[in-house]
Structure formats: C-alpha cells, structure tokens
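Okay, here's the structure, questions in a sec.
When the chains are written out, they are named A, B, C and D in that same order, and each has its own residue count from 1.
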Amino acid sequence: MTAMMTREDVTRFLAEVFPQMGPEFVIDLLARDRAVMRLRVADQHLRPGGTVSGPSMFALADVAAYVATLARIGPKALAVTTHCSIDFMRKPAAGQDLIAEAEVLKLGRALAVISVRLRSEGQLDLVAIASLTYSIPPDKPAA
Amino acid sequence: MTAMMTREDVTRFLAEVFPQMGPEFVIDLLARDRAVMRLRVADQHLRPGGTVSGPSMFALADVAAYVATLARIGPKALAVTTHCSIDFMRKPAAGQDLIAEAEVLKLGRALAVISVRLRSEGQLDLVAIASLTYSIPPDKPAA
Amino acid sequence: MTAMMTREDVTRFLAEVFPQMGPEFVIDLLARDRAVMRLRVADQHLRPGGTVSGPSMFALADVAAYVATLARIGPKALAVTTHCSIDFMRKPAAGQDLIAEAEVLKLGRALAVISVRLRSEGQLDLVAIASLTYSIPPDKPAA
Amino acid sequence: MTAMMTREDVTRFLAEVFPQMGPEFVIDLLARDRAVMRLRVADQHLRPGGTVSGPSMFALADVAAYVATLARIGPKALAVTTHCSIDFMRKPAAGQDLIAEAEVLKLGRALAVISVRLRSEGQLDLVAIASLTYSIPPDKPAA
C-alpha cells in the first residue's frame, strides 16, 4: 500500500485550503504513515531571547500531523484537530529551523492519532513531543 | 491575600517582554487565581470557513495561563510552558472574539497548573478546554 | 431535558457490565451533565505513605466520566475511553475517601469530552484534574 | 555513561517501596534511557470481553516510566507522577501479556519526561501511547 498523496499534491492542497499558513511551513519528506515538516524560522516565530515561541511549535506539530494524515486519507480539508497534548522539553536552538517528524499511529474510520517529535535542525535532543487526534469526516454516501 | 500585579502592571510587562504578541491579546479581567483574556479576532487568526485557527486558540490559552500565573508570582519573564493538553470541542463562532478564562489550580514552588476554558464571546458552550503547566524559575538567592 | 438513567439504573448497569469494579466505587450524585463518584479508599488503593495511588485516581476519574456519559446516552457498555490527560497536583489526604466530580463538556455523535476534578473528602484544594474523551458507538440501524 | 541501577536493583527496590504492586509487573529489560515492562495479565486486569482495563494499562505505563527514571536517577521513592496523557488506540489482544516500552526523553533537575508505548505481546500495532512527567525531589544538601 502506498500514500494517497505525494509531497507535491499535499503542498498544492495546503496552499489552496490554508493560504494563511504561508511558505514558512515546508514538507521535507512524505511517506506512508510519516511526514517531516520544517518551519523556516523567522522573526515572527520568536520569543524574547531568540527561541521559537510555543504557538509556533504547536502550529508546526499540528500541520505535520495534518499532512501525515492527508497522505493516508487523501485531500479532506475538513479533518479537524480534536486534541493535542504537547510537552515542551528544551529551548529550540537560536537561528535554526525547527523540524517535526510526524508518525500516524492509528488511522480508524473516525479518528487518527499522530505522534510528533520536534527538534532543532542538526540537534539530536527533542525540543518537544506531541500527540494529536484528528477527527475524520465520514465520506458522503454519494461522493 | 491579593494578586501581586494589577491588570495594568501585567499589560505593561507583556508589552515589554513579548512585543511580538501584539495588541490583539487583551486582559479583560485579572483577579487572584483567575484571568480573563480576549483575542480580538482578525484575518490572521482565521482558517478557511472563517473560524479561529488551532494555533490562535493555543496562543490565547497559553497567554491567559501565563497572565494568571504572573498575577500570583509577580513579573517573571522566564516562566515557561512545559506542558499543554487541549481539547477542541466546537467551532468558534465566526466574527466573534474568543474569550479565555484561566484558573490557577496549583501554584507550587516549581510548577503551576492552570485550567483554561475558551468560548466565543456571547456563547455559553465551550470551544476548547486546556490544561497547562508552567515551570517557575527559582528566585535568585540575592535578588 | 433530563438524564436518561437514574443513579439506581447506572449502579445496576455497572454491576452487570463491570463486576470487577467492585463496591468501592459509589455514585454519590447523578444529574444531567454531571456525576459525583466516591472511591471508598481501602488498603489496595494506597501507596507507601498512605496516599491513594495514581492508578486508583485514574480509575476513579475514568469511571466518573463513564457514568456521567451513560447518564446522557443511556446504557452502552461499548463506550470506550480513547484519551485521558490527568494532572496530579497534591497528595490525597490520608484516611479520606476520594471524590470525583465529572462534567460532560461535549456530547457529539461520535465523541464525548468530560472534565473531572478530584478532591479528598472535606478538602477544597484539588488533588487532580483530568480530561477524558469517550468514543460512542453508533446506534445500530434496527436496534 | 551507564544506568545507575540494574534490573535486579530496581526489582528489589520496587518490592520494598511498592509491596502492593505485586509480582504481575515484571521488568523485561532495563537500559540507559529505556525500560521494557510486562504486565502478566490475569483476571483482575480484565474488562468484560476479555481485554485489559484502562486502569491496568495506566498502571503499567506509570510503573514503566518510573522504572526507566529510577535507572537514571537511582533509588528515589519520592519521585511522583505529575502528569500523564494517554491515548488508547486499539483493544489489547485477549489472553496476551501487555508490554510497555518506556523511553526517557528528558531528565532535568526537577522534571523527567517519559514516552511509553504499549503493545500486546507478539503484536506490532500499538495498543496505547502515553507521555508522563515525573517530579524529581531535590537532593538533600547533606546527603
């Protein structure tokens, strides 16, 4: 079995349905059950002291989980996050992109559970770990 | 016992230490153990369909928890979020500000636990509920 | 609108479908959207030092959330916990029952979200706070 | 750097400080940053239908995280769970032991964060994933 959408498919789909997300979120890699996303860190993502803000890390984890799910279920803009639990463990390195690796742990009919690990580029230690649940809209009978 | 910082104190402190946060986050009310924050919803907070995005809701919950904690411990820019668990339950109402009510459930020497409930203005049903943990830096011996 | 099951209904239903749960879990109060459960603390629930163990607190939060959900949806043994996030904030008081107050925050077609607050009997401070998600089985067409 | 306690050390320590835990929790493997624990499933761990109950899964995740932490910090009975977030994804297989693999993601001065993955023995799919936070008591100055 293979992914239902390629990296190019998903990138185009995101630009259409989430135009606000902007070009700072980049898909580095997309495989069945796994997506690697990069946040090109810029000034608007920083907290005082030069580290990436919590909301920017949350946004990266959320989009990485969404992309990994899309790759499995195909283009469904209506999949929505119903839960996120995130542990912030270390300060992101200043001046480095943030890399999120998302793994689809479960893909049921109604729910997907995705685990996401965040690192600063070039670092081994985790910056944060998150677990997200996506609610998947039922297919319309006649679609 | 009373709060250590007033609404004006905290607003001034946030503008100094988090200049990127911007004027869209407003403290509506500040009391001992409790803060009410408002997100003046604008285009950059929206998802397609006109509802507030997950990262914007996370940002509001996070700052509400931070403000409620500051009111108790005084101005400590270095308090950091170590955990957030958030359930997204309903779509925020289109065209309405988002209101977060934060309650400090525990304030220990090293950790604070804060519960935050999010509603669209004028609505009774919860949009989201979050639980956040803040790590509180130890006081410097000679400060 | 009223609850679909009374306290007696739910107690009888639990004894049937969860005989292992035992008589130490007692429904103190059942109302629409709200249940209060008591754990009659005994030796098997204790950690060294005489406080209630984490698994016992988890079990109480879980059953309180289940009972509050049953009261709304009627007897469905197949509702299952899909997520629990729990913050342990204070040691339970030694020699006191543990009281859980569960509030149904959302009851959708497929998911229920329940917030649970745990206290030692007679204490105001929270021992723990939990948020649980229950997956609700779809009604069978001809049932 | 090596673990501070061997499997035998930790097993002996648990039997001393958690006599209630019982012989059904077994350490299969202990390494630096990693512990594998087994729950020898017996009747008292089951729900109707023959699958392991949520509280039993929570208990296994909790003790696996504790053991993995002990291996790093040495025998501290007072390390306490401050948070657990757990996603239940699949029914455990009937009649199989449950296996938890715990990984210490962060070991700070005050907090440890541990990720735990649960599987039924012999199965690849995850039954549950949990993230736990342990609060580590400060060393006494003169100890």
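The rule is simple: contacts are C-beta pairs under 8 Å (C-beta built on N, C-alpha and C of every residue); 3 or more make two chains touch, one makes a residue touch a chain.
Please read all numbers here as calculations on a predicted model, not as lab measurements.
Q: Count the touching C-beta pairs: is A-C or B-C ahead?
A: More contacting C-beta pairs are found at B-C.
Q: Could you tell me which chain lies farthest from chain B when each chain's centre is the average position of its Cα atoms?
A: D
Q: Need the CA-centroid distance for the pair chain B / chain C, whole Å please.
A: The mean C-alpha positions of chain B and chain C differ by 28 Å.
Q: Would you mind pulling out the distance in Å between where the CA atoms of chain C average out and where those of chain D do?
A: About 23 Å, centre to centre.
Q: Round to the nearest whole Å and give the separation of the Cα centres of chain A and chain C.
A: Centre-to-centre distance between chain A and chain C: 33 Å.
Q: Would you give the residues of chain D that are in contact with at least 2 other chains, written as numbers and ranges?
A: Residues 82-83, 85, 87, 89, 133 of chain D touch two or more partner chains.
Q: Examine which chains touch each other and state the graph shape they make (line, ring, star, complete, other).
A: Chain contacts: complete, every pair touches.
Q: Give the list of chain A residues in touch with chain D in this complex.
A: These residues of chain A touch chain D: 85, 87, 89-90, 105-106, 113, 115, 126, 129, 131, 133.
Q: Mind pulling up the chain D residues that touch chain C in the complex?
A: Contact set of chain D toward chain C: 17-20, 43-44, 46-48, 53-56, 58-59, 62, 77, 80-89.
Q: Looking at the complex, which residues from chain B come into contact with chain D?
A: Interface residues on the chain B side: 82-83, 85, 110-111, 133, 135.
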